[in-house]
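Note that chain A is present in both complexes that follow, paired respectively with chain B and with chain C.
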Partner chain A sequence: MSVAIVKERFSGKIGEVILGATSEQGGTRTSTVTIGGDAALPFLHFEGKVNRPVIAMEVNDIPPTWNETLTKQYGDVFNSPGAWAKQCVDDFGADLIYLKLTGADPDGENRSPEDCARVVKEVLAAVGVPLIVVGCGDSTKDNEVIAAVAEAATGENLLIGVAEQETYKTYAAAAMVHKHTLIAQSPLDINICKQLNILINEMGLPLNKIVIDPLIAGLGFGIEYAYSIMERARLGALGNDKMLAMPMFCSVGYEANRTKESNSSADENPQWGDLDDRAVLWESLTASGLMQVGASIIMMRNPAAVKVVKKNIDELMSV
Partner chain B sequence: MTMLIFGERINGMYTDIGDALKAKDPKPLQFWATKQEEGGAHYLDLNSGPAIPKEERAEAYQWMVNVVQEVSELPLLLDSTNYDAIEAGLKLCKRQAIINSVDATPEKMERVFKMAADYNAGVVGLTMDKKGIPLDNDLRVAFAMELVAAADEYGLPMEDLYIDPLILPVNVAQEHALQVLEALRKIKQLADPAPRTVLGLTNVSQKSPTSICNLLNRTYLAMAIGAGLDAAIMNANDDDLVDVAATTQILLGRSIYADSYLKVFRAR
Partner chain C sequence: MPPFQIKFMPENRIIEVDSGTSLLQAAAKAEIFIKSGCGSKGSCGACKVVVLSGEPLVTGTGNLTPEQISEGVRLACQTMIQGDMTVEVPLESRLKEHQVLMGDVQKGLLQESDHDLLEKFGHQPLATKLRISLSAPTLTENTSDWSRLSMEIRRVLKTGEKPVDIPLSVLKHLPEALRRANWDVSVTLTDIESGITVTHVESGNDNPPYGLAIDIGTTTVVVYLINLSTGEIIDQQGSYNKQAKFGDDVITRIVYAVENEQQLEEIRIAVVETINELIDKILARQSLNNTDFSSAVVAGNTTMTQLFLGVDPRYIRLEPYIPTMANVPSIPARDIGLHMLPDALVHCYPSVASYVGGDIVSGTLVTDLANGEDIILFIDIGTNGEIVLGNQDWLVSCACSAGPSFEGGGITFGMRAMPGAIERVVIDPDSLDVSLKVISKTLPVGICGSGLVDCLSKLLGAGIIDRVGNFQMGHPANSARLRATSDDKEFVLAWADQAGGGKDVVITENDVKNTIRAKGAIYAGIRTLLNMVSVEMEMISRIVIAGGFGNYLNVQDSIQIGLLPDLEEELYQFIGNSSIKGARLALLSQNAWREAKDLGQKMTYVELSVGPTFMDEYVSALFLPHTDFSLFPSCT
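Our next item is the complex of A and B:
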């Protein structure tokens, strides 16, 4: 007996966003990354076009305070953001580099905006893939940092962030003037997510220059809330809500690695088993769960988990 | 699906449009095409009204379609009882148009649904026949059923059929307002997927004092959408009326709330 496959017909689709710019496009990238463009729910290839999620690996401007289960997988690169980025691309297969300028933190090294811009240039010189660049998390300082970085990398079409409801104006202006794309972050709130996109778009930044960061949570720490918000955004977008029809960025590496489960050794918690395996699973499962609801850019830290997730993506895309 | 606004203003009943049709002056039509689009219209209704003699109607509809399409990409409703004129216009429509309208008389349904199939057009179906508009909602629904059956027979998808249960002016036919709301509820249950529904909204306030027309339109629009209305032929330039339409989409959960939802509703 033949079975008729029921197909959902959607009126809308996710906007396509291009990251990076080659020399013909005014930048220096050797390749660009295109995300979005999906016309169906994730991986339902029989209903419409599904675009491939990409992996952005995290690099910092100063050595990280990560657990050894992560650091031991890297070479001697943590004092050189360029070498670090290069290893992520060459050895671990990162599609993009996510550069967090932790060193700018006024409570830490308090590096100047000019120093930060120099690091961005260094990483741009070291790798050919597009870059995501975010500040240290101190909103006052980040305003200066991101303005300097955006200017120093004019035309590179960085994905800069993060723009929030209170701070979006500086970011949107920097993205517009210096031709970058913007991460718009809302605190697990679909209404603020939509409103922020509207406000940024009203300033003049086109919708295809915005990427949504719904602010996710790691496995076991509220990932289901993130999943629900992302699902509503995606269904809204496919129902033709253009103010929610942007690709989504998920900071998986950060959220998965701040859980106790990704850090506690087997000596401490023997019932949980080996930490090295557990940390890989924690990050991989956080990533693959959110991929099922429309994550387009997955930020990751654990090279072994990157390998697992890339295999998962290959399988889900091979139809 | 978002509530659809069909802009009513390009109608020969209005002096400026009537005069423009006679003089073949495209400017007033193009002015209202643009202005209604800015106001929030999703479609533009074109009606020559009595300004043009019958034998010149086909040519007039072609002219209207052409001059409006020069300035607007919105899809059109061709509004006439003269089906030759509608057919002439359909030949020139760049996007899927809607035939406005047919009642539930068999010979008219045959002509119109066949034409809709030939030109891949939608149809507005009126819940009445030769004898006129029934008061009782059940009779309205019975006519709706005949329209649904005819659409089905000619292969018109339910999302291209717009049933109009016909609202009358409340100042002379008050009892119809409630019957129409009841009919809207029932029409949405007639088929799965359900046919769409539409009203010539402004009719509800016809001949009421100007000071209360807008209030009547706005209030009835909210009530009708709550009862199952999907589209309205209406004044797309009454900002408060368009705001009512936008707000119903939020309160019914069809669009995700954002503080600036009113602006987004108008964005095309």
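Our next item is the complex of A and C:
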């Protein structure tokens, strides 16, 4: 007896967003990355087009305070953002670089916006992949930093962030004037997510220049909330809600590596087993879980986990 | 210990009170009403007074500054009397006389529909008056006084099986009343389903019977004097509910009332006194007597009704929020202490649930909601937004906490709809110049609910705020009206030299966000209720809005800010104070009163706090007009 496969047909699809710009497009990237464009739920290839998720590896402008389980996998690169980025691309296969300008923090090194812009230029020069650039997290400082970075990298089509409901205007203006794409972050709330997209779009930034950051949580720390918010956003988008139909960015590396499970040694918690393996599993499971609900850009830190997730993506995409 | 003398300035009024009385209580005794928002907890700072002489016991200074304290400023609720004192009560601490929305008696849509409804239900008031001439008894015609009177009443009224009764209090004076009048008497009767009761016998006259329609609001109380023969509204009077001194909202008052029996009685007396003062004003103006008032219908929210009757309101506030009763037995005025005929019955509108009360049942009756197949939406916009949806076959209701914004609370220059309140705003989007319409055409001193709706819509239209209510400081007009203060951003509606209070009248970003929350709660309530009964917006054939937020409702602006559903303007009707109108209707028609009690039974109450739907709807409504633009096609 033949079985008829039931296929769900959606009226909407996720908008396509291109990151980076080649020299013909006004930038200096050797290649661009296209995300979104999905017309079905994740990896249900038989129902419609499914786009490949990409991995962005994190680079900072100053040496990181990461656990040794991460740092020992890298070479002597932490004092040179360019070299760090290059290793991520060449050795670990990162599709993009996620550059966080931690050094700008007024409570830390308090680097000037010009210094930050210089670091961005350095990383742009070191690698050919597109860049994601975010500030230090201090909203007043980040306003200046992002404006300087956006201007210095005019035409590169960076993915800049993070714009929130209270701060979106500077970011949206910088993205519009200097031709970049924007991360719009909402606190695990589909309504605020949509409201922010509307606000940014009403300022004049086209919808295909916006990427959603739904704000996720690591495995064991509320990932199910993130999952259900992302699922609702994705179903809304496929149901033709244009204001939710953007690809999603997930800061997996940050969330997974701030859990106790990714940091506590086997001496402290023998029942949990070896930390190196555990940290890899924690980050890659957080990533693959969120991939199943539509994460398009997965930000990661652990090179070994990147390898696992890339393999997982390959398998899920080989149909 | 002897009582102490407290002198209040500037009235120069002296009263005597016992040791340990608070200045707040003493002032109330002196009939000087001081604002109190927190129920005498010493936290709101509304009851500031200046102690000019005397050494009171100060139990708390709340948020007073050291300078204020050194100047003798004290909180009246935290200042206990232990000797003679002289106290000044400054103007800003006093409850002001103000205009209360008493319904548009002369004009407007409702006058027409009132009339229609009375025709529909039939004019047969809850109390009547009969002129009766009896033949005097003789040795052979020797039936008793009461039999003589009751037989005549039965004959005239064709009462059939309906019992005719007389309470002992009236019976006691019957023999004299009949003989003094030489057997030509006017008899006042209560006429309700269960029977007819004689409530007064007097010398024959042709004065009409009068009744009182009473709306007990949390903030304001309104009384209508009705000629029961003609249905005409003879007079009306409104004022603040004196319970306000125990707290602004129902929760604070419940907390006060459940402390002990004495406080429950105190809070009951406060509202009875409020009503009695209104009645007395009407009495004096119309040259009538207490005994001319033969019936009253009271409509109030559930808490107000229970406090009016002195019924313990404790469980209204506690989960699962259960009121004591839905239907209230009719009670003789003497038991309540109203200045009426002692045996006149006072009828209270039934409640549906703790937060959908008699005022809403009353409004539902007036909107004629349960009459026909058309689905009607009734919204009473106040501190609580109460919503009723349905038709002749079904009725659902809910209450959502909107906050007091539309009544002027929680808004920097918020005020109720009274002279000096801005009720319309126009902003030129290029220059940001403002033109205002102010109630009574005086200089503006504040902004009322309808002005606030207008203002939000115009601020958005002019690009001064974005869709979440953030002020846009870089507005191209570069107007001095748009400015940042140390802790907020604000827009100047009227400059000090053109304002009644001598200060710039402004609307702040915080005010805007409060209003967005208020409108969001009401719209979310509407959506949740529709969702629960699977009714689409488009299926609604009429929307009736009630509330005390202004003299009119600007439907277009209400839609622009997402307060009301985006439906054609013709479907909307604004009826002001619907609660008092329903009280009048019930007073005039036994059928209407029966229908009102039916409505109370029929209405299903939906608790919005159960399940995530309301919260989700609420967050998506915190946007101008709404996160889902498809719900507001006319706003793009």
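The criterion applied here is as follows: the second predicted complex is superposed on the first by the 319 of 319 C-alpha atoms of A that agree within 3 Å, B and C clash if a C-alpha of one lies under 4 Å from a C-alpha of the other, contacts with A are read in each partner's own complex, and residues count from 1 in each chain.
Just so we're on the same page, a residue touches a chain if its C-beta (ideal position, glycine included) is under 8 Å from a C-beta of that chain, and two chains touch if they have at least 3 such contacts.
Computed from a predicted model, the values in this text were never measured in an experiment.
Overlay on chain A: chain B and chain C clash in the combined arrangement.
When the two structures are aligned on the shared chain, A:Gln195 is found in touch with chain B and with chain C.
In the superposition on chain A, A:Met317 contacts neither chain B nor chain C.
When the two complexes are superposed, the chain touching more residues of chain A, out of chain B and chain C, is B.
When the two complexes are overlaid on their common chain A, residue A:Val177 makes contact with neither chain B nor chain C. Of the two partner chains, chain B is the only one touched by A:Asn240; chain C is not.
In the superposition on chain A, contact of A:Glu166 is made with chain C only, not with chain B.
When the shared chain is aligned, no partner comes close enough to touch A:Ala125: not chain B, not chain C. For the contact definition in use here, the residues of chain A common to its chain B contact set and its chain C contact set are 191-192, 194-195, 198-199, 202, 243. On the chain A side of its complex with chain C, the touching residues are 165-166, 189, 191-192, 194-195, 198-199, 202, 243. Across the complex, chain C meets chain A through its residues 466-468, 470, 616, 619-620, 622-623, 627, 629.
Residue ranges of chain A in contact with chain B, taken from their complex: 11, 190-192, 194-195, 198-199, 202, 232-233, 236, 239-244. Against chain A, in their complex, chain B makes its touches with residues 1-2, 255-260, 263-264, 267.
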